[in-house]
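Order as written gives the chain letters A, B, C, D and E; numbering starts at 1 within each chain.
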């Protein structure tokens, strides 16, 4: 599993049948090697059974775990899903933006829901 | 799953039996760490059950999910497949080329089907 | 499996049912390519059936192995778990911080439980 | 699956029983991030059920797909195999060496079987 | 599978039951992107059913393949194992240290068992 942030959503008409009705989010991994201010979007696409909002921190799981989170290890045509929406994170050496509960895109419009 | 773009096709006569009749596409992951203008091709090869066109944005899944998208988790000798052709993407912090519905190779011949 | 260090913990209220009651730790891989002094946190999130402490070195396994370590290969919505807490490591060419049994964050407050 | 080139072969006497009689090749992924002229060998090792030659371009699959390509998803102690030998590749933006049907190691002895 | 070298061993008292009695080695992937002389240790940890020695070149497999190499695809809490000890390697473009049968740590104490 990895810790990431919801940075986008993607829509598709032509897709595998099992993806019908699934919300597909783009999640960016939190990663200390990124430069501050750099455009922070990576193309991990995952199913979202939990209703995560743009900018929220989430935990993403792969493979069987992702399918289980969406209702069982059936024949699903996806292998990544959000399995948790993060309430709190305690990682003392992490970069400051990891501790922002919602997306801080480098400036003025950063929301801070937590002191 | 990852978000990518179809950048090529590959043909093979000698191959595992299960690949017979399967269209094999080369898909490049969208990745913000690439330099603008750099040759943007990475060698992810995947089966294409959906008929994606050169330059289109697609979602690629791996493992069981890839086989399911091609008709069930049978004994297939591949583990990557296109599971969706992207209609629309909303990722505000992504690099501009992510929002091109078809391949923009840096200049004049870029098609823009969407304003 | 990889060798890492516990660098944080994460909490979530909204999550897949199978994660209820599971302790979720953030583990940083030991990696010789990091610069000394750099913030050393990467977002691998794993279940912890062994009770690892902050700063300890652990071995993390993925997939079926992770689920087995947590009680069997049932339908669990996670695919990473701590499978061992390291007592000792003999890797002569490894960077010095690998041999610290607990987290050395670059200075004064480093605990050294082992000579 | 990924697109690569056969750059070596490896032999082992002490090995898992299931590897007996299996030809083990070293395959280098085609990757546009490499510098021209750099030594281009990476240590992906895979079983070869198709008889690929040194320098040829191949498609490598992992996991169940690799085992299927070698005769079924039995209890095999390997998880990578060549599943296709490339005849032709159409990837307009790829670096030139991708289009060489056999290994071009930067100079005089490059064979060019295709115009 | 990947080609690597045994660079260490790790011991743990608190661990998943299935790891009891398993020798756990640290294996560094051979990788042409490393600088000569750099500390060459990466934290891949794997079970060793073959008795590999420090410095030897080995092939490491993941997942089901790793479990098969250790006696079957049972409920094992690991997913990486040494499946072969390399006798010989023919990779003409590989860096010289790949061809050392045992560890060459950059100088005087390098053992060379093979001319």
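Everything that follows uses one rule, which is that a residue touches a chain if its C-beta (ideal position, glycine included) is under 8 Å from a C-beta of that chain, and two chains touch if they have at least 3 such contacts.
This structure is a prediction, so every number in the text was calculated from the model and none was measured.
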For subunit C and subunit D, chains touching each: E
Interface residue overlap between copies subunit D and subunit E, same or different (over half shared): different
Distance from subunit C to subunit A - Cα centre to Cα centre, in angstrom: 21
Subunit B-subunit E separation of Cα centroids, rounded to whole Å: 34
Where subunit E touches two or more other chains at once, by residue number: 63-64
Contact graph of the chains (line, ring, star, complete, other): ring
Round-the-ring chain order [start: subunit D; next: subunit E]: D, E, C, A, B
Footprint of subunit E on subunit C - complex, ascending: 1-4, 29-32, 49-51, 59, 61-66, 68-69, 72-73, 81, 83-95, 98
Footprint of subunit A on subunit C - complex, ascending: 7-16, 18-19, 24, 26, 38-46, 63-64, 75-80, 105
